[in-house]
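Two complexes follow with chain A in common, the first pairing it with chain B and the second with chain C.
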Partner chain A sequence: MEKYRGMLLSLVMALGLAIPAYAESIVVEGSTTVLPIAQRAAEEFMDKNSGADISVRGGGSGVGITSLIEGTCDIADSSRPIKDEELEKAIIRGKAPKANVIAMDGIAMIVNNSNIISELTKKQVKDIFTGKVSDWSDVGGSGGQIVVVSRDSASGTFEAFGELALDKAKVRKDALMQASNQAVVSVVSKTPGAIGYVGLAYLNGVKALKVDGVMPAKETVLSKQYKFSRPLFMYTNGKPQGLAKEFINFILSAAGKNLVDEEGFVSIQ
Partner chain B sequence: MNNFVKVKERIYRWIFTALAFSSLLFLTGIILLLLKESLPLFKHVKFLDFVLGRSWYPTAPVPEWGILPLILASFLVTLGALFICVPLGVGSALYIHEIADEKQRMILKPMIEILASIPSVVYGFFGMVIAAPFLQKIFHLPTGLCALTASIILGIMAVPTVCSLAEDALSCVPNSFREASYAVGANRWQTLIFVVLPAAGSGVSTAIILGMSRAIGETMTVLMVAGGAAVIPQSLLEPVRPMTSTIAAEMGEAVMGSLHYNALFAIGLVLFTVTFIFNIVAEIVSKRFRLKLGLDR
Partner chain C sequence: MGSFKVIAVAALVILCFAISTAFAGEIDILVNKLVEKGVLSQGEAQQVVTEAKEEARTEMAKGKNEVLPKWLQTTKFSGDMRLRYQGETKTGSKHRDRGRFRLRYGFQMKPNELMKVGFKMATGENKTNGPEQTSTNQSFTNSYQNKPVWVDQAYVEYKPFANTDMVFFKDMALTGGKFANPFYTTDMVWDGDINPEGGVVKFTPAVNAGLNPFLTFAYMPLGESSSDSNDPFLVAAQIGSSGVIGARPYKLGVSYFNYENIKGNAWNTYSANYTPTGNNTLTGTMLTYGFNILEIAGEYSPMDLTVMGNSMPWTLVGDYARNLAKNSPTNKTAWLAGMKLGKAKDKGTWELFWNYRQIGQNAVLATINDSDFHLGGTGAKGNKFGLVYAIMPNSTLGLNYLITDPYRTSPALTGTSKHIDIYQIDWVTKF
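Now for the complex of A and B:
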């Protein structure tokens, strides 16, 4: 028995020693929109700082913020501002979520490549997504039913779109709700009559539309000429500290801005 | 020494008892969790409004919590899947068990079992890339992601379940039944359709019901191919949004502890109840079947 107690004690001590050794590790979790930035940045950052251990996970904005409140992640990626109810929860648990804007993103309206339309007004977008207009001929197209593709109602992108484009009106019931940006692109690219919306990083194989005469692009998002733009966040508990601070600073540095641009987002100037 | 063996035996007994009862523990745990997380919703929404409501807008400024479109969608794609998996599954079982020679059986059985081991995301991918564009073209649909596509893929996925269970049922039919039938001059077809199949009838029904419960609980595939529109389905050619894909798509981004979160658990509870009923019915039917063949006496 005495022998075991000794072993147990040394085990506890070993664990105790092990914790400081891993102090340079953080968990980044949340929005699938922010995920590509977080992933690339983590890779580059760890290349340069061999002691750092940054693990990056997706899951969604809500998951990230929940984890931050629960204390299971250090940085919560989010494509929407924190909600009041989440903030209340955080305060109850003694946490103080702090928003760090790391990039801007434009939400581009996309259609199938075969669609002759190249431009819509903000009002037409709203009419299409709320169900007032159901045929392409009503918005200057060549006729045929409009297939509305949307993100899932719980996603940060959906909420941002709802606020920016629909003035919080409800999306029509028969919209095809897709679980990721990539899914929206793949449905729109295969469906001639489809219209959808995705982040700027996802414009492959589909046609982006001008909205109120402005093409979604880095310049127009930065200059705020393009209406559907939004900030992307990394939330931390209080002011970022230690590795989390270094990591966020890295994303905001010149090298980090390059990564943000390469991934198709808009770096903050 | 003898004492030591006894203790050892008792320990093993306890270990295996614990293992056997562990699934009961998991089941209770899951039911309790579903109840605990879904009940808060019903403080705000009446159960009937939840189950019979026609609009699902969980994140709107004034949220609406009606899951009737989701329930109907689940049943529609499952019903559609039946039209694929029953003929294919029961037909293959009949062929493999009653007609095929040893060589064919050795090829066919593993093949069908391999069908069961394909991950559902692969089925979903197949449906999205191949089946949906194809159906879109031949039916001139606005989109190929609809209940029909989901039904076809789910049907194919349920074939192994239906086939192997139906085959079990057929193997329970005593050979004397077949011999008696041949003895009175019936040919092979007549024996199969009028003697063997009716004798295995409730066993085959069990297979079908379990196939249904497999189809209604399938998530990844329907998430990818059913379209995802929360409307009350009018036809098989429209996009729908079954219960499983709603939970899968929204759980990741729902605020933990919010009404939306509770509502997703409540959908899980409804889904669980449905599959639970399917399984109980299957159990009852199969018991009757065994009694009929005189196996349980």
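Now for the complex of A and C:
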């Protein structure tokens, strides 16, 4: 009987080690661009792993990275690389931010559906957003004041756009600053003279423009032909461990890539 | 030995950075080869390259943190150098030409997350009692004699609630020492070179993108005398806001500058040797009137103008000041109206400005307003034009032209009671 009891105990222990233990919870916080991926991935992951508890919040890339530095989240979603000053702050606080690229995205230039413009050069985009050009007739349009719509400064998309499209120049002061991609789409879709920029997943109801002759699309983003392409990140403190690691691996798996594509982003493939 | 160590570790960090940059370049080449051979997809290639670069940045930051002292990591150095030709023509006087330079340099450091310490040195003429408070110019003079530098700013700033979520107090800043002028104003009231002394509390609550209110309170001593307990000082408050009205940017500030113990005081003691004419005086340089100044300053950009194919903001500027002191000063109002076009920032960009002003003799304090307009002081009116061109990164070439006349001075002022033309050609390089 002692012999069987030992075998039974060994069997239970072996099973215990073989089955992933997800009696763990993590907080994912940050970019509103990455938010749809994180939310849907969390739902599907938790469906498959009943013990896992993944709490997902938006707030913007800066908010997520600050939370990671302060230790109040486990994964920081970001649509831009961590800034030097954030990295410095993290190191001083004993953190070691690790960038995990989970997808690619293109920042699409969008105008109202009634606009006859179908493409702009990178220089024209910069001139419009920095205020050098303020009438559509100056960039081949049919005339009328250009209404510039931008993301607010807490947004990673704002930072990435500033770097990729504006060479770090400031957006003109009278730009209408919006708190989300969806808000940018909403303003542009209702304002005939408006121009804005959003992630690839937000092109419904507006017209996307070619930039330097290239349309924002999965192929052109992956090949970097489209100039306003960017990686999307999930930052962890050091190499991801435990549930955070499993969650990121899930997003990079075949199932995860499918959901990334379905959400309108570009999966890594 | 200490400074040698700092230089050595700084050189090490720079070397590490160069190596890591070269390493990142090699990764690019290697990964591109793997994509060409079909080993990696384009997406995987971007993932590998991006993560490797980010990893290198993190390692660099770790290395920097380990070898450089904390104070050096948070210190930012900056400065600017200006070369100026200035020509002055006064009616009935000989024409004057001056070559001048101005050097300002300093640093800001953060001893912790809530505090900032600033220090700045600047050139300035060495007069009998030291430099002028309204000018950091140094003329080419005195047979190549070496020229002095002075403490231009020395302050500490403390944001006690910076790490909280308190909307109103989060950005509240307490500043003490000798610091940049905390008020939104124009040079009709405050010369741009003035760095007041004392203490300031400033609130800049984040409301929304279209409204950025600011509220400032200050206590700024003007002088201290061991033989007089009634030292002059300034108590001031300003409320204002910047943002957009109908998608067009604006800024507005309403201020009250309440000078105490200034009337009838030995003014010379409190203004070094710089006593520009203008304000009525009793004997010598003792002021006849008190100064309690209400100022309303603002700017608004109603539209963009397209000039030579470039669209640039056109901004209207205005300022109004009135001395509300109770003892009925005469000529107690000053006003300014003007415009700005463009902004000289990136190479090839330019800006143009013009303003007209009338400064009543006792409207503002003559020792602290623009020292160029009518060669400083009050009781003057006229135009100020300027054109600045960004000739290369961080460098501008500028031309200023000031045409001024006396304005309602009683009794008539000596020295500056004439028509004065001033033209300045400036080369400014920031670093």
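Side notes on the structure shown:
The rule is simple: the second predicted complex is superposed on the first by the 246 of 269 C-alpha atoms of A that agree within 3 Å, B and C clash if a C-alpha of one lies under 4 Å from a C-alpha of the other, contacts with A are read in each partner's own complex, and residues count from 1 in each chain.
We take it that a residue touches a chain if its C-beta (ideal position, glycine included) is under 8 Å from a C-beta of that chain, and two chains touch if they have at least 3 such contacts.
Note that the structure is predicted; figures quoted are calculated from it, not measured.
Considered on the superposed chain A, chain B and chain C are sterically incompatible, since they clash. Within the superposed three-chain model, A:168 lies in touch with chain B and out of touch with chain C [touch as defined at top].
Within the superposed three-chain model, A:112 lies out of touch with both chain B and chain C [touch as defined at top]. Of the two partner chains, chain B is the only one touched by A:63; chain C is not. Of the two partner chains placed by the overlay, chain B and chain C both lie in contact with A:177.
In the superposed pair of complexes, A:87 makes contact with chain C only, with no contact to chain B.
When both complexes are overlaid on chain A, the residue A:186 reaches chain B alone and has no touch with chain C. Judged by the touch definition given at the top, the superposed model places A:154 against chain B, while chain C stays out of reach.
Residue contacts after overlaying the shared chain place A:220 against neither chain B nor chain C.
Of 92-100, 236-244, 326-334 or 344-352, the segment of chain C whose C-alpha atoms clash with chain B in the superposed model is 236-244. The intersection of chain A residues touching chain B with those touching chain C, taken from the two complexes, comprises 147, 152, 173-174, 176-177. Residues 81-82, 84, 87-88, 90-92, 96-101, 104, 127, 131-135, 138, 147, 152, 169, 172-174, 176-177, 222-224, 231, 266-269 of chain A touch chain C in their complex. Listing the residues of chain C that touch chain A in their complex gives 41-44, 46-47, 50-51, 54-55, 57-58, 61-62, 64-65, 70, 73, 209, 244, 247-249, 301, 304, 306, 309-313, 346. Of all residues in chain A, only 59-63, 65-66, 83, 85-86, 89, 144-145, 147, 152-156, 158-159, 168, 170, 173-179, 183, 186-187, 190-191, 193-194 touch chain B in the complex they form.
Across the complex, chain B meets chain A through its residues 55, 57-61, 69, 128, 132-133, 136, 142-145, 223-224, 227-231, 238-239, 241, 248-250, 252-258, 260.
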